[in-house]
Amino acid sequence: MTPVATPFFFYFLAALTLLSAILVITQKNAVHSALALILGLLAQAGLYLMLYAPFVAGVQIILYAGGIMVLFLFVIMLVNLERSQKEEQFNRQWLVGSLAATALGGLLVAVFIKGKALFPTSSTQIAEASNTQQVGELLYGQYMFPFEIASLLLLVAIIGAVVMAKKRI
Amino acid sequence: MPDSTPHPSPLELGTPDKTFLDSNELILNMGPQHPATHGVLRVILKLDGEKVLGVECVIGYLHRGVEKIGENRTYTMFNPYVDRMDYVAAVSNGLGYCETVEKLLQVEAPRRANYIRVILTELNRLASHMLWLGTHALDIGAMTPLFYTFRDREEILKIFEKYCGARLTTHAFRIGGCQYETYDGFERDVKTFVDCVPPKIDEYEALLTSNRIWVERTKNVGKISAADCKALGVTGPVLRASGVKWDIRKALPYAAYSDFDFEIPVGANGDTYDRYLVRMQEMRQSLRIIRQAVEGLPEGPIMAKVPKVMKPPAGEVYHSIEAPKGELGYFIVSDGSTQPYRVRVRPPSFVNLQALDLMVRGQLVADVIAVIGTLDIVLGEVDR
Amino acid sequence: MPEETKSPLPGSAGEPEGPAGKPQAGGAQSAAAAKSAETTSEKPPAVAKPAGPVAVPWTSPLVANLKTRYGSGVSEASTYLGQNCLVLDSSITHEILRILAEEQEFDYCVDITAVHYPKREKPFDLVWILYSFPRNQRLRVKTMLREQESFPSSASIWPGANWLEREVYDMFGLRFEGHPDLRRILLPEDWRGHPLRKDYGIIEQDEQWVQANLGIESGQ
Amino acid sequence: MLDYVTSYLSSNTTPGQAGNVVWALIYILIVFAGVSIAVMAMNWLERKALAHFQIRLGPMRVGPHGLLQPIADAIKLLTKEDIIPENADRLVFWIAPLIILCASFAVYVVIPFGPTHAITDLNIGILFMLGVSSLSVLGVVMAGWASNSHYPLIGSLRSSAQMISYEVAMGMAVVSAILMTSLNRSGTGTLSMIGIVEAQQQQQIWYLFKFFPLGFIAFAIFAIAMVAETNRAPFDLPEAESELTAGFHTEYSGLRWSLFMLGEYAAMIAVSSIAVTLWLGGWLRPFPNALTGATWDLAFSLLPGFTFLVLAVVAWVGVIRMPKHSYFRMQTLGLAGFAVLLGLIGLVLFAPPVRDRIQDIFWFTAKVAFFMYMYIWYRATFPRYRFDQLMRVGWKVLLPVSLGVLIGTAVVGMVL
């Protein structure tokens, strides 16, 4: 089974990701930003698929697009948006912003030129059929400890959020 | 005591301008056009999330000045108007009015007329309770009982139609008795009806009484204590569900009610579920009364001798009956002329609706709908 | 005496007053009332008699109690067609209502309404219809008010009086002092006029309001 | 080219796996047309069945027994004025129904109607289904927000909270079923929809009955959660008519509203398909391992055609019972035509090449139809939950129980 039109899909998805990322920061309406972010996340899921990582792609859709972003929207809709819409965008921060962007861009270019040797030219391709199993084995085998620490961290975050949000328990 | 909150007018209430995290109140306007407010009731809800902080009822959309009309019509001419108040239980309205004027005139309706009045009024109570059950269940989301109750209510309306030609606003009674003798087969029709309905009521109860969701939606919802009921003047099934065994048919019997043997069902908790149970029991008791009345229907005249032009002596009288919604009273002042000097209607729905605020405080939006349903109000009567 | 204890037994159909009611009620005037009722119903009034049934004085421990405490403030205590009525002076009515509610167990305020007699010096009758659950007895309390005279609200005695008083205010323009929320209830807030006054015509309306709010010439 | 097309017929996989674009397109067309027709049929059936639950007749005027009612409705909705509220966010308002529609139709890509009758077989099939169907909540939220009105906003907030809450319990129940696939003799589990059904065949048991009662509890949790997930009675709070008029789609009308409806019914069928695949053996006929042999095979393969013949007979009884009056002539003829059509379909299904290919689809559809009937039944029977009760059931009952079932399944699987 040979992949069809791979370069086309790659550039299409990459462009979509970039475009939606730009929309996220340029849209005045926060709900529109969030929707653009969802589009970007979905495009990323497509990129994961092209990397033969369907499990990651599926999780990306379920967790980010279907779960987290819905909660984002949930909160954004309840907050009064009208004030933020009237405010001028990139208010007095354009200088700092552009400096940071230039620095980050320079770093990326430097790494790309100088550090090519750091990256393997091609990774070993995992069989698509056993992709999910491999993820599972790695997570619950080799990286068991970090995985559990991450979950503990999330638990702490949840409790913190509850305590902060609820005035009277 | 349900202190009514200081009232900014709806326009002043405005929109909550605080942000989500420190905002407490949301003003939601329900009605006057809303599927669950049973007519043109407007309820302004003050919410904290889904929790109700308070409600304000805005009524009067259906105000027609019935009392003013009464002062400008003769006693006889005003009789059909009262049917338009609680149009779901028009027969009860007529009964109350006719009995009050009879009292003023010192006329007693003949025994047969009283029996016919009891039969029709109790049939009407059944019809009213059936309509209540259907719409109340529909408000809570159970769609099917509505159709079942309408099927059986139809039979009652058919009897009305055969008796007096009208189905809803019947104008069944006249001052001094009944205008119409029963039609041929009236007793058979009523008997058949009384025989068929108990299984139908079992059917409604099978759908709802032990339905888990129904119980969860109605138990401990809209609780009101007996003391609060008395203080607010709430009567009818709502009062009885709070544990007060008081029914005007027993306490101060009118028409022929003292001839019949029936129970006053009472509840214990005064919540929506108890009110449901009380009304279901009341339907069965009504059937009991109808059966006794139709079996013992006496022979005789149906109309007392009343003057063609009614001029009751100057004086005033208050008389009330147990309408399906509660105490329906008429206070009539006569100045000796052909027209009442003042007609005051004491509408049960109006007084009961006052308890809404007390009953829904601290509950959820969905409960407001359940409580409006369980109060069994008819806006025609609230606004008059 | 308990009113409306009609005996529906055959034979006594013509007798609106039942056999003497509860012992605590005065028996003397019940007989009188029954007598007057009997005379009227035996010969049904082909023409309304000018005499009609008469109101007879109502004597009971309650009335005696009130009369000793308030003297002439209790201007009339009568029974008409078996219904008891107290007519009180407006200055003491609120106090007596409170006594009735708290000491005499009239715990249910059935109705509050008013009647307008434009030709009288005190043109308004304010009427309370009370009921006592323990006594199974109904009582009507009346007082007369002048135009523009305000009256203490009884919402502090019976919370249910709230809306009933609002309706009286709406329909008659009588103001109640200390009412928690005295606004119009059935008519719009800015409506002018009080429809149940006798000088308000049957087809009269606040045409300005109708034109401004409904955008039509007239509601008729 | 022709070879390319015909070559697939001899292959033994789904067109997606075979990489055959033409057949994949054909399958997509067939599936989507089939789902659309199923939605229309479901619409008619729901109205009819609900009506009979409620001692009514339901649609009777458009076509014999209202058979053409869905078509009439579709025409009406399409030609209706398209209203967008003045202060609505036009773009979002416009996209929302499309998202719901796409999300609920995209899941059909992996639904296996038979061992080879699926558009494709992803190895993360079930994950894909859950993921894509979870996107539909976005559409609901967007619709509620874009309408710029109180009731839709509250409706969409309720809806999103509800769907996210029940997704958790639903996911746990699904995982416990997936866990069962890894407990077969080969030792490797699968997320592929076809793989799950094949695992059930291999283990000779529907997962409904596996590790009784664990499988059954997981199934029950899923069956409850899927009703909540599709916003149907008794969990139809987002659209609670008596409280929120019509919930998140209060401001929608005409075509856009019909897209919501289409999406809702398609989602109902989709989640039912998941339930059927995971617990009721997917396309497998009853007792595929016990009642074997040529006779049983023949008997079971004749059933689809036989069912259609029975339906044809029922329709013909309707023709006979039609009032004999010229006014009803068209209706009678129409119903007779419908009966004949059903009969012909039945006869075609008897033909050996057809019946071999069709019987998997038949069993799958029959099982899904059972769930569809349950949906109608719930709607006719239950009152509506209150929001806090709904959340309590989701978080305090279903979630702990589903976690328990998951752990129980793992433990039992390891011990056995």
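Things to note:
In this document, chain identifiers A, B, C and D correspond to the written order of the chains, with residue numbering beginning at 1 in each.
Just so we're on the same page, a residue touches a chain if its C-beta (ideal position, glycine included) is under 8 Å from a C-beta of that chain, and two chains touch if they have at least 3 such contacts.
From a predicted model like this one, the values you see are computed outputs, not experimental measurements.
Comparing chain C-alpha centroids with the centroid of the full set of protein C-alpha atoms picks out B as the closest. When C-beta pairs in contact are tallied for every pair of chains, the largest tally goes to B-C.
As a whole-number value, the distance joining the C-alpha centres of chain A and chain D reads 32 Å. Our note on geometry: chain A versus chain B, Cα centroid distance of 61 Å, whole angstroms.
In terms of their C-alpha centroids, the spacing between chain B and chain C amounts to 23 Å. Separation between the centroids of chain A and chain C, computed from CA atoms only, is 76 Å. Among all residues of chain C, none touch two or more other chains. Contacts with at least two other chains are made by residues 78 of chain A.
Contacts with at least two other chains are made by no residue of chain D.
Residues of chain D touching chain A in their complex: 17, 19, 89, 91-92, 95, 122-124, 127-128, 130-132, 134-135, 137-138, 141-142, 144-145, 153, 157, 160-161, 164, 167, 188-189, 191.
Residues 1-4, 6-7, 9, 59-60, 63, 65, 67-69, 71-72, 103-108, 110-111, 114, 230-234, 244, 246, 251-259, 298, 304-307, 310-320, 327, 329, 331, 333, 336, 341-342, 344, 346, 350-351, 353-354, 383-384 of chain B touch chain C in their complex.
The part of chain A that touches chain D in the complex is made up of residues 1-2, 29, 31-32, 35, 38, 54-55, 57-59, 61-62, 65-67, 69-71, 73-74, 77-78, 128-129, 131-133.
Contact residues on chain B toward chain D in their complex (touch as defined above): 28-29, 34-36, 50, 137-144, 146-148, 151, 207-208, 211, 213-214, 216-217, 364-367, 369.
Contact residues of chain C toward chain B in the complex are 2-8, 10, 13-16, 37, 40-41, 44-53, 55, 80-81, 83, 85, 107-111, 113, 115-116, 127, 129, 133, 136, 138, 140, 158-160, 162-164, 167, 171, 180-181, 183-189, 195-196, 200, 202.
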